[in-house]
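Shared between the two complexes below is chain A, which has chain B as its partner in the first and chain C in the second.
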Partner chain A sequence: MSRFLPLALLAGLVVLPLALGPNPYLLNALIVTGILTIGAMSLNLLLGYTGQLSLGHIAFFGIGAYVSALTSLGFDVEIGFGLRVVHAPWPAAVGFLLATVAAGSCGYLIGRLSFRVRGAYFVIVTISFAEVVRLVALNWVELTQGPLALTNIPAITLGLPGLGMWTLKTKLQNYYLVLAVGTLCYGVIARLVGSQFGRAMRGLKENEPLALSVGINATRTLTVAAVISAAMAGAAGSLYAHYLRIIDPDVFLFATTVSMVIMVVAGGKGTLLGPIVGGLIFGLLPVALRPVMAPEAQWIVYGLVLIVILFVMPRGIVPGLSGLLGRRSAPTVPVLEASPAVQR
Partner chain B sequence: MDELIQHLANALILGGTYALLGIGLTLIFGIMNVVNFTHGALYTVGAYVMYLAVAGLGLNFFLALPVAILGGLLLGAAIELLLLRPFRGSDIDTTMLVMIAAGIILQSGTLWTFGGVAKAIPSPFPEAPLQIGPVSLSWLRLFVLGAALALIALSYALINRTKLGLAMRAAFQDADTAALMGVDVRRIYTATFALGSSLAAAAGALLGPVYVVFPQMGGLAELKAFAIVILGGLGNVTGAAIGGFILALAEEFGAGYVSSGYRDAMGFLIIITVLLCKPTGLFARAERIG
Partner chain C sequence: MSAILSVEHVGVRFGGLVAIADLHFDVQDGEIVSLIGPNGAGKTTAFNVMTGFLKPSQGAVRFRGTCLDGLAPHAITRLGLARTFQRTSVFPDDTVLDNVMIGLHRRGAPMSRTSFRDALLGRSGAGERALRDRAEALLDWVGIADRAREKAGALAYGEQRLVGVALALATDPTMLLLDEPVSGMNASETRVFVRLIEQIRGRGITILLVEHDMPMVMEVSDRIVVLNYGRLIAEGPPDRIRADPVVIEAYLGQGSAARQAAAAVLEAADA
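Presenting the complex of A and B:
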């Protein structure tokens, strides 16, 4: 993978709103797509690099959204035995940090619980967890307003040195906020994957008994990956809450997890750019289809496109395309990829 | 006490259809190693075929049920031939995504065709419930339980008493060896998927008249089916049957004694508890089915 490709993509995304001009509809679609893409990147850390599929990833996203919203709105609930918890509103930026921490903690719990066994169990524990959290959000009306939704969530305010306080209210400001957080997450994942920890993750995915035999602590490695992944999903959820400024229990819908999985696998799991490419394609596909067909038909096309991609490029778009390009220009790529391990 | 017996009766009735859902899913997973994300959509399709046959064509209620099951069987066979056979040999994540895509297509297709408004299926049973002492049972629900038990028994007979079932059991244990012994494994896969699909459609056709029919009804049913399969141990048919009844009991008592809002959370709480205490499911993964 070329080193310049991510930078070129970033540059393209920075100038994109300028090229589009004032187009609130498209900008909105880009922001939501960007937020989901951060979710997909976090999912890729687990699915692509450790091989563990979290089908309840939306739980971490939704927990981030609710924690962030409740931190910045304040609440007053009775928790039983006559005890009340009263919380005064805090700045939204604090909510963002707490959302990340809360989602990461949930990732820790789920990891400790389910990485004792392998295979389909992690999938089902994460699905179950997401469904329980959704039902709590729906039924704990005193805290979450249930189906009435949390409204009037404040926009994120940033204090920039020398520039005073900025309240990110416009779509353009939110676009750049999402892009900044996305770039940060990309950087963290890239560093992580290239580190010794990243090799431990991939070792576990490729051959667990072998990885164990060279002293890799499987449960710890997988749990740490789950914590980081969940924290990033929580950050994305927080961005979502403060951008839309209203959230209801529908943020926990299973369909959103499915969208993230599609973004990762179609883009290319286990590649840094895969979730971004998949995210942009599948996030913007509904926008492209909207003028031409009914919403139900859009989803049918969405499903068909996914099947075609899986059929033509089973490993995803990014590995598929780089395989095509690599065959033409650089047949020595596998050797180059293997060399760092040899030098060590 | 009366309340307790009533809850038990309700759970028993619901459990039959849950067991059908679970058996279908666990068969497909056990034999084909496919996580079937069209299961919920097939459940929905079963309910809509029932609705079309009864309310649309005016077909007799008892004739419409086999039609719905046949519809699920044919649709399942078509999905397997068109979508799973070309992906045979791909890893489990790929086939799972193909199934997710097929599920999206089916669900959007039903939404497009029938609209989002919930439909009711008229039933020929009397409104007045059957009273046995303090317990009142609706005739429709009793029929649902009877039909579900009959279908479970039929599936068992098919797996354990027929040549097809023998081939399925062989493919479950070792597909390669079964193929060497002259079993056409590809046909077994198609038959397995069609059978599992028809059981999901049957569950939908049976529960459709009890509740209402709407395009998203399969989503929660699918998650519950996963819960049942985990409870029973992946690939374990008897485990899935028992798991169905356990889930129904937990839901019914959870709704009755804890909070009706958390009814659907009960199953998932059970799964998490089971995995905490006995990670391989209540009934460990079967080495053989039947």
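Presenting the complex of A and C:
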């Protein structure tokens, strides 16, 4: 039954805008939630499956946003020694691909550098990395406009030469673009996790010496996971830039990383659907609360909801619910287990 | 017969402490060799050196002619030298079957051949099923097939040891290092394990064993290497070790636990 759950969820998300009707406010909330959820899914690959907490995950998101924006806007900067780099604007779709590659490369760098030192050291390296990148974005004004923000970022244009092009300007188009990218990311993660690579990640998380002793290459496995995770975060950042059409160094806010961690932990880390469930709940909670309370009160409710979820279901919503369902169908299990003994 | 594993004048020092001093011995292809000695004699340290978890301060280990110096643990496993662990021998949060499938790490494709649609549906592809069959066969072989669906961390110690052995065998080794495999097992489980060790040898796998259970060591070993204070003090077939005055003194010269072990040695000699 649970194998059809992702498909049912996907079908629900496909028809959701039709059911909502023209409601720009809600659609906007859904798009931003979707983008953050992709970020949470990518974070889950590291936090949930390898057990490494990246508290600088927003760096990859922000790098994706800036690379994509700058690729599609073009720039003209001096990099010292009298050298100038001039870049003419390229299509936004190319920016999206470059954003993925650039963020993935940064993931490789961080992975190689920091997986020699795990745990708390990894957390510190990732936080520092995010802060350094934020300061660069803030202070390299010639390239990034600093606090003045990069504006007029073009919307993504899709299409093939000869078949026609579509510029995704409306909210509805962007919603489906985010949904498509999210589905793609889900599929890639599901495939990874269900493969030998996924088992290698789990083995390293559960018992590293034993994993090494059965021939699992720790550095390689963790680096590949970091690259894929960072690339997905970069893709999410690119979607963000081309949807909002304006970005400033605030995309590197530490609070956004914390939001993603909350989504993953509340939904259930190390599960495929966990970050999506967590993302939808914590992304849409402000929408539900806005009519009834002030923003400050919303944050309190936000915290309370997290505490209640983790109090009732310490491993998160998805493992908690599947545990409940499992217990309900439990009577079949002892019968199955008893049979070999009966045969003896 | 040729030496499959050569420990060549290996020494390990932790600061001023000498854990192993100039350890030198060979294991021949197809043998069952035991490494024994009182607690703290350096047996597990020797295992850690052979499997790349520790770098020796001096000397080298050769496996099938390859010098293992500087090789990472996973690379040594890929050469065909597998090991089990004393205490934490399983991946506790996974099922027994998944444990062995993790152990079959090198058999699968890097990305599963599961199609994109199957992945979205949570189904597994043909490669995945073949892997599962292999894992089930291995579990059946070590005798814990009926535990396949249970969480490995929930099993009894003795059963976890068997999962550990299945995991090591999953890497398709030519030599297996067993670190105290029967500790925590009762007498009948130990007897079953002795048979399993002989079956493993029957598959052409050379075995080096660290164990405190003296009757079991005397029963299965072709040859015994005795360590004390990081030094090799005796080497030879069980009969000779049993009667070796140096070995008996090494055990008697220690605390009460050592006395018991020595008594066990003598008891096994009578049996």
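Things worth noting here:
FYI, the second predicted complex is superposed on the first by the 324 of 344 C-alpha atoms of A that agree within 3 Å, B and C clash if a C-alpha of one lies under 4 Å from a C-alpha of the other, contacts with A are read in each partner's own complex, and residues count from 1 in each chain.
Note that contacts are C-beta pairs under 8 Å (C-beta built on N, C-alpha and C of every residue); 3 or more make two chains touch, one makes a residue touch a chain.
Predicted model, so just to flag it, every value in this text is computed and none were measured.
In this overlay on chain A, chain B fits alongside chain C without clashing.
In the superposition on chain A, A:Val77 makes contact with neither chain B nor chain C. In the superposed model, A:Val287 lies in contact with neither chain B nor chain C. Look at A:Val258: by the touch rule set out above, it reaches chain B but stays clear of chain C. Taking the C-alpha centre of chain A as the apex, the lines running to the C-alpha centres of chain B and chain C meet at 80 degrees, rounded to a multiple of 10. Once chain A of one complex is fitted onto chain A of the other, the partner contacts of A:Ser128 are limited to chain B, with no touch recorded for chain C. In the superposed model, A:Ala297 makes contact with chain B only, not with chain C. Residue contacts after overlaying the shared chain place A:Glu206 against chain C, while chain B stays out of touching range.
After overlaying the two complexes on the shared chain, residue contacts for A:Met313 are found with neither chain B nor chain C.
Shortest separation of chain B and chain C in the overlay equals 14 Å (C-alpha atoms, whole Å).
Interface of chain C with chain A (complex): residues 51, 53, 72-75, 77-78, 82-83, 85, 88-94, 98, 101-112, 114, 116, 119-124, 128, 131, 146, 149, 164, 167-168, 170-171. Taken together, the chain A residues at the contact with chain C in this complex read 2-4, 6-7, 10, 183, 186-187, 190-192, 194-197, 199-200, 202-203, 206-207, 209-218, 337, 340-341.
Against chain B, the residues of chain A that register as touching in their complex are 47, 53, 113-114, 116-117, 119-121, 123-125, 127-129, 131-132, 135-136, 138-139, 254, 258, 261-262, 265-266, 269, 294, 296-297, 299-300, 302-304, 306-307, 310-311, 314.
The part of chain B that touches chain A in the complex is made up of residues 29, 35, 83, 86-87, 90, 93-94, 96-98, 100-105, 107-109, 111-112, 219, 223, 226-227, 230, 234, 259, 261-262, 264-265, 267-269, 271-272, 275-276, 279-280.
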